[in-house]
Structures are given as structure tokens and as C-alpha cells.
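Take a look at the following structure, please.
Chain IDs A, B, C and D follow the sequence of writing; residue 1 opens each chain.
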Amino acid sequence: VDDPVCLADYERLAEERLEEPWLGYFAGGAGDERTMADNVEAFGRLRLRPRVLRDVGDVSTRVTTLGLDLALPVLVAPVAYQRRAHPDGEAATARATAAAGTAMCVSTLATATVEEVASAAPDATLLHQLYVFRDRGLTVELVERAVAAGCRAVVLTADLPVVGKRERELRGAWALPEQEVPAVAAARARGSAGHALSLFDPTVDWRYLEELSSSVDVPVLVKGVLTGEDAVLAAEHGAAGVVVSNHGGRQLDGVGATLDALPEVVEAAGDRLQVWLDGGVRRGSHVAAALALGASAVLVGRPAVWGLAAAGEEGVRGVLEILRDELETALALLGCRSPAELRRAHVAPA
Amino acid sequence: VDDPVCLADYERLAEERLEEPWLGYFAGGAGDERTMADNVEAFGRLRLRPRVLRDVGDVSTRVTTLGLDLALPVLVAPVAYQRRAHPDGEAATARATAAAGTAMCVSTLATATVEEVASAAPDATLLHQLYVFRDRGLTVELVERAVAAGCRAVVLTADLPVVGKRERELRGAWALPEQEVPAVAAARARGSAGHALSLFDPTVDWRYLEELSSSVDVPVLVKGVLTGEDAVLAAEHGAAGVVVSNHGGRQLDGVGATLDALPEVVEAAGDRLQVWLDGGVRRGSHVAAALALGASAVLVGRPAVWGLAAAGEEGVRGVLEILRDELETALALLGCRSPAELRRAHVAPA
Amino acid sequence: VDDPVCLADYERLAEERLEEPWLGYFAGGAGDERTMADNVEAFGRLRLRPRVLRDVGDVSTRVTTLGLDLALPVLVAPVAYQRRAHPDGEAATARATAAAGTAMCVSTLATATVEEVASAAPDATLLHQLYVFRDRGLTVELVERAVAAGCRAVVLTADLPVVGKRERELRGAWALPEQEVPAVAAARARGSAGHALSLFDPTVDWRYLEELSSSVDVPVLVKGVLTGEDAVLAAEHGAAGVVVSNHGGRQLDGVGATLDALPEVVEAAGDRLQVWLDGGVRRGSHVAAALALGASAVLVGRPAVWGLAAAGEEGVRGVLEILRDELETALALLGCRSPAELRRAHVAPA
Amino acid sequence: VDDPVCLADYERLAEERLEEPWLGYFAGGAGDERTMADNVEAFGRLRLRPRVLRDVGDVSTRVTTLGLDLALPVLVAPVAYQRRAHPDGEAATARATAAAGTAMCVSTLATATVEEVASAAPDATLLHQLYVFRDRGLTVELVERAVAAGCRAVVLTADLPVVGKRERELRGAWALPEQEVPAVAAARARGSAGHALSLFDPTVDWRYLEELSSSVDVPVLVKGVLTGEDAVLAAEHGAAGVVVSNHGGRQLDGVGATLDALPEVVEAAGDRLQVWLDGGVRRGSHVAAALALGASAVLVGRPAVWGLAAAGEEGVRGVLEILRDELETALALLGCRSPAELRRAHVAPA
């Protein structure tokens, strides 16, 4: 694969260039990896219903969601330890999203501070993904720094009160590179002990969301919502949006595909919440399907890592360009001039 | 495979005789080629319900649709660049359809003029497939020439406002053989520039259909209709028929199989439109199933190319004869003396 | 496989011992052989619902249907040309069914006369399968001879007005062994010409059934009924029973599995017809499932041929004994002391 | 697999260490082994619906059912002949369940007396699995001895009036090791003859359950219930609980997966019966799914044997620890602090 044509090409390139244990870290999921596979397969269970003979001489992929003006409705999902995928790490990803006109969600487990990412990519639109440390003071500090660095939203990850059972990781004798993660280093400096992931607080609940939402000036999204019930609670406790996510199948295997959960979340959200989705997006037509079902945007995690591992910033940009081109084609072939014209009737169960 | 027994035998012969990139061109579909595969698989999801002890001593496969009297309800779909499958190209295909008593739809991207095809096969029943050039004058000219050459209908392709992402084609460094396509040469002569496929107009809409229908004396069919909604619009804007088609899975991957879309189109069409179908027809029993669900005829694209690549005119004739024989057997075994006796009750979901 | 444990073991033995073209003849089906495979798979789509703590100290597999008292509700289906499977041919099969306490349906295309079969196995319970010759006088004669030889029912095959497209047969250059079939020889002697299978009359209809039923003193069954509609017609035209059959998938590929068709036939039959089934029965639990859905008996064709090819009479007996033992076990484990206790509630969709 | 991470690792270890015919004995099922496979696959057909932002800082896997206080809702199912899996046999299993804080159900076909098991593992919580011998006096004696040895419940196996057709066993020329089974030896000493499994009484019915329930001071469960109808009868005849079980797919192939039967049994049981389930449990998330559907506990048979074969007591303990850890993680990720918080809404059809 010299000249990648689709995201699967980037996946193959990444598999060639990444070494264990990091290949396993980025590629793996929890348990039997059924949920991880199902995220992708779910898109194959829908069928698209194209409309014809509509003037599509001028098609735009641009959207606005939660105040973000995006050239394409595909953000880069929070992915930890990006320097393990490529020496340029998060900075490369941020520059690529800026070039593509979209946004990046910087992980709490980034291998760079949010300030470093922001200064490496001044044009980038950044969001801040939040794991809540048991050390709540540190958590407040991280959020404040992120907002000060220009992050446009806080994405509170709700599906990792404990870490999922990722067997590819368990089979190797290795530790997460804590020393490379500034947030973990900060926790250590403030006296926290234990494994990096054990620093996070499993008691976080909806009241915390309410406090967080009322204490920051940017929108807060809850990431990891898979039910209509939780979408209602998110709206009631101050969220501006939710991300329908199962953490890329890395947390609880057996959970349904995000695309299958999307309709009930959209219905429960009504006008109160923006609904984003991640998990299994590999094609522009997948983006169109998710938007037709009511999502405002999607995020890609592993595909961004594939691009990063394959060719750094240029690789991430390549991934985003493929998705943009594919989405543009899909919109035209569905008879839509823009994502806003996508309707539920553009999809049907397969 | 010396003596082909079924269409799959012709497919294997064609795979032996065609070389890349043309094998990939004719065989490939868009994206992950799911829609292309699903077109075939959809026939396997139906089950036939045969009726017994009906006198089937005399079975005919003959049908009439849109004024065409066909010895079998299987036309040859428009396929571009047929000289790349066999030196005799469209002329061979036309002669084979004449021998079989059916009709051929000549592509705008044919590697012969419609006049050449008509004169090479004076007994052939021809239809004209239309891509609308940005140069509308040229488009008018092409339609007029086709009708003058005896084409009995215009088949307006509606599902190619932009070209689908056909990855087999993208992986090779080659260009479409524009120089062999008279219509493209004519566009060039009139000053059009750019890739061959970029000469087509993505702004074509239902008003264009209305203009076209009122300006020609032959029936106009819209090819690429996959929804009941668009069937209604086709009827309202002057079409005499629609072809339920996803362009053989070459345009938007993820679109449903044509057989799955057929019932809603038939229901919406009512008495106002003839409904034809292409995509995935590989057996006479498939023809019977489509007709039982309300189609008046089907078209075969790739199978005709397989025959053409395998043995020129004789190969296309062989393909059509197999389909006729299989359909005759299927009709008898369903308890029908003719296609007109096929009813919805002859099929059920598998 | 020295000591066959299940029918699949006999299948493997038969595959070792039969040679082409006869292996293909007995094993093959029509078209893509989907219906043939689906007959078996359909049993896997049901789930059995066993009842427990019922006294099953004494389980019988005996049934009565259409006046036949059978030690197990599994007859041997009509299979042509049995001497091509084993030199002892139909005589061996008849003796095996007598030993097992069940019945054999002798094919019109048997490689022995019905009188020869009857005298070779005086204890056998025989039925006569009927293909209707264009020479109706010969047909009358064959039926009269069969009844005179002791056949207890006539099984009118309704699903072969023309022969299905069996591609394994078409690929070899061979002819059916007409000279070995007394009925065909008789037709020849009376002046009929053409292929053996072309001697049969495709114009046979429900009126013929009525004539036949009123002219013979034994029950007439219609074999090849797959719809409720035809079950009603069979009852109205004098049949005593129907066999839900798709000719082992040898006639029209794409037809549904017989087990899937069974419920609608049973419902339409009501009390007026006995319903038998063939196709895909490979286990005693399959027999139980068919009976739970309302069949009174099932027939096995290929499994009998496997036994015959493997070991002549002993092989057919082995096949029937396995089915009896498996059925007995299945009944006990379903909580039934006899087939009569099987209810629709013993099965559910999988 | 040096350091087993999941139950499948233990399965591979057991396959390496067990030899035929015992590998086949423990691993095999009845017939085509569809039910055996379906037990596992059924868990993959459900999807879990996790709830987020619930304080799961303190998660317990502890449950109480039928007076048993269990550290995790996973018991070891009755498995015969455990000394054929490991020289330490049932004693090792009992000690492992004690260490894990759960219970073991000792088989009538144990290769140790219940007294030996109890004294080898004084802390173990034991139940007694009962096959009813034709020699009812012996049966009474076995039950009395079990209760006297401290067994906390009697588990009456109802799905083995006759033995299923286990073809892996039939293909080898070997006999069950009767001499190692004290209960069989006792039957022999009292004059019973015939195969070990033929010593059991196929006439046992609901009245027997009533007698048994009223004659022992511990709860009686009926194992092998797969229908709501039988759950009602179990409640009416004195059972305290039922085990939804198909004997690990070893009895009647074609029976549905236990997970698929669970909802109807739970609904029929209402408050009158505790419902347990065995069959196909391979993950902590499977335990959670079964409990969400209304089971109070599950049992594992083959996984315990894998642990036993792999490493004796330590292996069984390893298996139970993996299940406990996985269940704890699953509960936290479903938003539950304990099994009691699991609700039907935590699962949905896949």
C-alpha cells in the first residue's frame, strides 16, 4: 500500500509500522472483541436509500455543532499515548485536524500538555477529554488549563469507572508509559500513587456532571452514553451533548454497537442535546448514515492513529481527506447538498 | 469450463480472458463492494412458492413492456467500453440480443456510435442510455441521433451525478479510453475539457426529466431509482418507467440490494410506470422472482460482459439462452405458462 | 468410518463407494443447490422445547397413517435407478424397510418392476410413486399393476412437469440408463420416443388427480406440495394426503425448505389430509420436529441411497435403525411416550 | 498459554493435558453439537446496555440464593468422573470452590463419595446432584447421606431419563469407569445390573419431585427445565428452584440455548422459584447477562473441568477468580454496585 485509497489501507500501513505492545494497545478491544467488531459491522446492517435527480452540483460537507464550525462532521476522538504511535504525537494530529478544518479532542492521557498541543497547532480547534482524577483539585486544574489553552468543550468520559479487560494488553508484560503523560506526572507530583488508570475516580456521578457543567464556560459533553435513559439524565444534569460511544469496544465487551444505540439516544435527546457518535466509522458513507440517524458529528479514533502511525501529520490529514471526499460523494449520491439535508429516510434496516 | 452450463461458468471464462485493468473495471464495485455482493445475495433471501398440477405443457417466456415485444424479459443493460471486453464490442452484443429476441441498451460511453451499432445489427431492438453532458446541446444531439437510429426508448441514468468510489480502478494508473468513445470525442470536439466522467452534469433534476420526456417521441425511463418516493416523482415528471438499479453496486456502497428496493418501487409505481430491475440477476429463477414482485423486465450487465469476453456475440447469445431456458423451467415449475401468470404469492421472504 | 454412528457416516461411505456420474446423480440438486442445503439447515433453525419429569419408561416410535401401521414414521422416499447405487437395487431397499417395519415408495423409474420388488420382499409395505406418462394407457396399466402387486398407496409426483436443471448431471456426457427401467422400456414398446424424462406429461392437472383418486382403491397422495393453496386443492380433488417436498432440491432451486413450508400446509390440510414431508431429514430429532409441526410421517431419499450404496440391504437397515433409535431418544428427551404426544409447543423458532 | 487470562486459555490447556477418550467425554455434546455451540453463541446475541455516571467505587459480586451466601453467583455444576480430569478429582474442585467462596454441586457419578468430598474440603459449600436409581432404596440412601454430609440442596436432574447420543463417546471402544464411581458400586452391591447409565429410572415424574421435596430438609432444585410450562409444574410440586439447563448440550441436540429459554422460565417462576442457569457461561459479562434476565446464579461445568485438568485445585480456583474479576468489572461498567442492581433493561436483543 504505497498510496492509500481508503482507511483500511492506512490500517495495513499502521500494522506494518507499529510494534508490539503498541500495535496491540491501539488495535485491541475488551474481552472477545465482539463489540469492537460489531461497531463496524453495524454500518453494514443499515442500507442507504439514495434520492436521485436532485441538483447536487455544489455539495458541502460543512457542519456546525456546539458552536464549532467544522469543514467536515468528523472529529478526531481522544486517543491516549499518541507519541507511541508516532514521535510527533498529539501535535501532529492537531495540525492535521487544523489543516482539514475539523477538531481534535485531546486526551487526559495525552503525551503532551494541552498547552504544548495548542502551541504546536495554533489554528487547531481543540476539545479537552476529561478523566476525573481522585485528586479533584488536579482535575479542576486540568480543566482550567484546557479552557485557558483554548479548548472549546470538555468531553467527560463516563464509561471508564474501571478499566475494561483488554486481553492483548494483559498478555504482554508492560506498563503504560506514565512518565510520558504530563497529567499523570502532575498527579504523582501531588502525591497520588498506584497504576495510572487507578488514579481515576470510580465514584463520579451525575452530580459531578452538574458541578462541572456549571463551573466551566464551555459546553460539556458526556462520552460513553449508550441508552436513552442516560441521555435524559445527561440533559437534566447540564450536558450540552453526548457522545454515543463504547470506548471503541475497549471497555465492556458485549455492549451493542454504537450505531445500534444511536436512535434511542437521539430520540431521548430531542432538542436538548447534540448527539455525536464514535466507534466503527471507516467510510464517508458511515458518517452519512450516522448523521441521517440524528448524529451531528462523529469521531474517529483508531483511523486517526493509523494515519499517525503511517505518516505522522500527513497520515492523519490523509485519513481525514479520504473521509471528507467519501462523505462528499456519499452526500451527492444520496441527493443531498449538505449534511443538513440528511434525513432518517435516507437509511433503512438492512 | 469448455461448455458453459450457467452464468457463473461464463464469469470464470471472462476472468481467464480479460486482463487488468479491464477485469477490475468490469468486475469491480464501489467501496467495500457490499452492495454489489448484496444484489446477488438478496435473491437468496427470497423463497419461491411453486404451484403444482397446473397444465404447463406450453410455456412461453415472452413479454411486452413499454411497447417492446421481447422473447424473454431480460434486456442487456448499458455497459460502457464494450470493445475493451471483446474487439467486436457493442456490435456483437447487439447482434446477440437480436438473435435472442430481446433488446440492448446502448451506453453513452459505448465504443461505437449508435448508428454503427444499429447498422451492425439491423434486427436489434435498441434503447439509448443517456448521461447528460454539461454541454446540453450535445446531449440533445445524442438523443436525437439515437432516436433517429431507431432506439425505442431513452434510459436516463440518474445515479451518477458524481462517480462512485471504485477502488479497483483507483489502484491502477490508467485512464478511461476516451479516444474510443464517440460521445466523448464529440464533447471534446465541441470544446469540453476534463475527465470523461466530469463532462456529465451533476445538476440534472426532475425538471430535466420533464423536458426530456416531452421532447422525445419514445418512452423515457429513469435508471437508478431505489425508493418509492422517487418512483412517484418519476411518474409525476413524465417517465414511462423506472429501472430499479444501484448501478451494479458501482456508485454508492451501502445502498440496499435492488431486489430489496423493488417492492416499494412497485407499490409506488402503481399503474403509472413500468418497473424494470437490474443488479444481481444470475439465474432464470431470479428473473421469475423479480417479475413475481412486480417488475416487468430485468437487465443484465456483467453477465453480458462475461459472455462478450468469453466468446463475443456467441457468448452473449449463450448467456441469454441460458437465462431463457432457466426462466422457462422456472415458470413451468412455478406452475406458470407465462411471465404474466407470476404473482406476488409466488415468493415469500426466506 | 467402519461402524457408522449417524447418517453422515453413511454419506461418507457412499461417497467412497459410488463413482461418477452416479455419485453426482444421487447427491446433486438443481441450480446452486441452495434449496437442497436449506432443507437440512431449516431443521437447525427450529429449537426443540423438551418437557421433563414425564414417565418415559416405555417409548414407542410406532405410528399409523393412511392405514399404514409403521414401526417408525420414516418411509423410504421414491428414488430412481437404485441398481446404480447397489446391484441389489430396489429389492434390497424393500427388504430393509420390511425388516425395519416401515414402508418403501417404489419409483416409476425403478430398475425393477413393482412385481419384482414385491416378490423379492414379500413382507414389505410398498407404495407406488407415479410419474404420469404422456401415454395415459401405460399410466393406467402401471397403476393397476402396482395395486395388484400390493402397493398400499399411489404417490403422484406433482413437481416434475419438466426436469429441474441439475448441473452436476449436465456437466457429464451420459444418459439415464433407460434400458434398466422397465417402465421406460414399456413406454418404448408402446411406441413412445424421446428422452426418458420427456415421456412424462407436463399437462397433468388437478382434474387428473380427481380421475386418479376415483379410479383406484388405495389412497392417493400428491407429492411436491409446498403451499397451503395447493393443499386445499389437493383435498378438494380427492387426495388422501400430500407430501411436502421439493424433490430433494432437485427441481427448482430457490424454493423454500420443506420444513419451512410445513406449517402452512398443515394448517390448510386440517383434518382432510395426512401430511408427510421429505427433504433434509438426517436425524431422529428432525423426525420429531416435523411431527411436532403436524406431519404424520417423513420420508428419506438420499439417506436410504447412502445406506444402499454403503452396504446394500444391511446399509438401508442401518440407516433406518439409526433413525429409529435417535427418534426414540428424542421422544424420551422431549417427554413423549409416542409420536402421538408430540405437540406444536415442542418446537419454537430458533 | 502459561498464564491464563480468560477461560478460553484454560480450555486450551485442558485440551493439551487431557487424553482421549476423556477429552472427548468432557468436551463433547449430543448429535451435531449444535445446542452445545448455541449455548455460547446465545450470549453473543444479546447486547448489554450499560448505565454511566453511577458511583461504582465499591462493587460487590456477592449474592444470596436459596439460603446460600455466595461470594460470586457462579457455582460449579455437577460433572461426573472428575478423577479422569485430574487425580485430585472432586476434592480439588470442592477446595477451589471453598477458596472462591462459592458452592459445588457434587454429581451422583462423582469418583468420590460425598463424605470424602466433604471431608477433603470442610469449608466447602456442597450441593448434591441426584440421578434417581431404579433402586429407589439406594436413591433414598444417597440423598440421606448427602444431607448428612452437609449438602445444602438437592439438585434433581430431570433431563436424563435416557442418555443423549454423544457421538464422540460412541466412536471409541470404551466404557465408563464404573469401578471408580461409589454410587454405581453401591448399586452393583445391591444387585443392579446393566450399564451404569441404565441404572437410572426413566419413569421419574412430577410426583417423585413432590415426594422428594417433602422428605428432605434442604431445598430441591429441578435441573433441566427449559420451558415455562415445566417451571410452573416445578413450583406446584415442591421445588424451591430450577436450573435452566440442557445438560451442556449433551442430551438432546436441537434444544435451544439455555439463555434463550431463560426469560420464559423466569416469567413462569415469578416469586415462587429461584432460577439458576447453566450452559455456555464463559465470561463474567455472561453471568451479568443471565442475572439481568432474572437468574439468581449460574453454574459452570466444562470451565471447571478445564481448570481441573489444567492445574487441579489451583486451576479451578483460577477459573472462578477470572469469572469473579470479570463480573466485578462488568457490574461496574454496567453501572451496578452489586448483582442485585441488575435489571432486564441492562440487556436487549442484539
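The rule we apply is simple: contacts are C-beta pairs under 8 Å (C-beta built on N, C-alpha and C of every residue); 3 or more make two chains touch, one makes a residue touch a chain.
Because the structure is predicted, anything quoted here is derived from the model rather than measured.
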| item | value |
| --- | --- |
| Cα superposition angle of chain A on its copy chain B, in degrees to the nearest 5 | 90 |
| Whole-Å gap separating chain C and chain D, where each centre is the average of the chain's CA atoms | 42 |
| Distance from the mean Cα position of chain C to that of chain A, given in whole angstrom | 60 |
| Set of chain C residues in contact with two or more other chains | none |
| Overall pattern in which the protein chains touch one another (line/ring/star/complete/other) | ring |
| Parts of chain A lying in touch with chain D, wherever the complex brings them together | 31-32, 34, 158-159, 161-165, 167, 170-171, 201-206, 208-209, 222, 224-227, 229-230, 233, 246, 251-257, 260-261 |
| Residue numbers on chain A that touch chain B, as the complex places them | 5-6, 43-44, 46-57, 283, 285-286, 289, 325-326, 328-330, 332-334, 345, 348, 350 |
